[in-house]
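What follows is a pair of complexes built around chain A, which joins chain B in one and chain C in the other.
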Partner chain A sequence: MSAFRVEVRVMPRAALLDPQGLAVEHALHALGFGEVAQVRMGKHLVLEVKAATRNEALARARAMCDRLLANPVTEDYDVVVGGGAAR
Partner chain B sequence: MSAFRVEVRVMPRAALLDPQGLAVEHALHALGFGEVAQVRMGKHLVLEVKAATRNEALARARAMCDRLLANPVTEDYDVVVGGGAAR
Partner chain C sequence: MKRVAVIVFPGSNCDVDALVAARDAGSDAYFVWHRDTTLRQADVVVLPGGFSYGDYLRSGAIARFSPVMTAVAEHARVGGSVLGICNGFQILCEAGLLPGGLMRNARLRFLSRPTWVRVEQTDTPFTCLYERGEVLEIPIAHGDGRYVVDARTAAELEATGRVVWRYVRDNPNGSTNDIAGVTNAGQNVVGIMPHPERRNAPALGGQDGARVFLSMEARHATQHAVDVRARDGRHLRV
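For the complex of A and B:
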């Protein structure tokens, strides 16, 4: 059994309006950052997942995204499994 | 002038309590994902920044983090500048 560091990025789908990103974009413009556009804002999670193999850690992390971390209608997610420290 | 795709990750500092991450961790345990621990939750932003060079885009994105995107007391950030499409 190892503990794998898993990084999950959850972003609003490209086709959907992203009100949070829009609010940040407007605030940046108001602060003088006129060169910024197309701001999208999502979540970044770092988890430690105990699993026998890297593939098992990836599969469990994907299940967590499907069940809780991402909204399947409005969000897309990426999962990256990093190094496993032997336990 | 090119438009660079910039990715910004803002995470709560390691030494600080992360109530959002803790709430997610408890919810995952309640859903049967007992193998997860050390959940930290932050923000992921994707921006398009117009700049003459990649280094200028990086500097401007860092300035945006210092001014608005990250809380310098409680959060750390990483900035990655991706490809620039010539304009």
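For the complex of A and C:
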């Protein structure tokens, strides 16, 4: 067993309006950052997961996302274990 | 007299209003703490408004795992009536007892103000005393009230008459198809973002919401179809 640092990124579904991202985009434009577009805002969770292997930590973290951390109706998620990324 | 269980989560704040509104309609209403595992022979379950678990993670996301929710899901599965108001609606969506989800209001602000909703479906335990097409004034108080569903589910809800209330005049939160409340396929589980319990008496500024609670009593009444137990007739339509 070792402890894996797992990072979960939860984002609003691409097809859905993200009013927070839009407000941030407008604020950036107002500050003169005219080059920015498509700002979207989500959540970043950092977990420490005890598991035998990296893959097990990934599978458990995904189960956590499916059960609780993300809402499958409104959100998508990515999970990153240790240094590498997996979807 | 229906037995109405009003579930209390940590952070519920419309539980007393819901209890009083149900009692005003003649129900035998009582509180059930979210850690309880029995509904004590409830006929109807009400999940009240508020901010269960501080809305942490997502509104309703943590409350849906409260121990009582197993009993609520079983009650719904066997056809028992369930009403979720505001945060209760969010919890029912998170629990998968209603389709869709509720996201941040399109214009981001928390809104506490009257809205106008049209009754679209009267064949539910909470709207059977309304007439289809009636427009009601009922207030909202929410930050995460934008009801969203994928296009296919939205079309299915529309085609099968499962949109129960729809915002008219203006849509306060940007919800899909101006939806303010929906029901499940069995039409026994209903969710609504506005607060009918805040408009059940003239002293509260109106009584357009009273028949949500009177409907619970009237529904399936075998001997007392006309007896809706209005107090001094003040719930009757004027």
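The working rule: the second predicted complex is superposed on the first by the 82 of 87 C-alpha atoms of A that agree within 3 Å, B and C clash if a C-alpha of one lies under 4 Å from a C-alpha of the other, contacts with A are read in each partner's own complex, and residues count from 1 in each chain.
Here is the rule we go by: a contact is a pair of C-beta atoms (placed from the backbone, for glycine too) under 8 Å apart; a residue touches a chain by one contact, two chains touch by 3 or more.
As the structure is a computational prediction, the values presented were derived from the model and not from experiment.
Touch check for A:17: first (chain B), second (chain C), both, or neither?
A:17 sits against chain C, while chain B stays out of touch.
Based on the superposed arrangement, let me know which partner A:74 touches: chain B (first), chain C (second), both, or neither?
second
Does the superposition put A:44 against chain B (first), chain C (second), both, or neither?
It touches chain B, and chain C stays clear.
Pick out the shared contact residues on chain A: the ones touching chain B in one complex and chain C in the other.
68-69
For chain A, which residues count as touching chain C in their complex?
12, 15-17, 19-20, 23, 68-69, 71, 73-74
Mind listing the chain B positions that touch chain A in their complex?
Within the complex, chain B touches chain A at residues 3, 9-11, 21, 24, 27-28, 31, 33, 35-51, 60, 63-64, 67-69.
Could you list, by residue number, the parts of chain C that touch chain A in their complex?
Of all residues in chain C, those touching chain A are 57-58, 61-62, 65, 93-94, 99-101, 103-108, 146, 148-150, 174.
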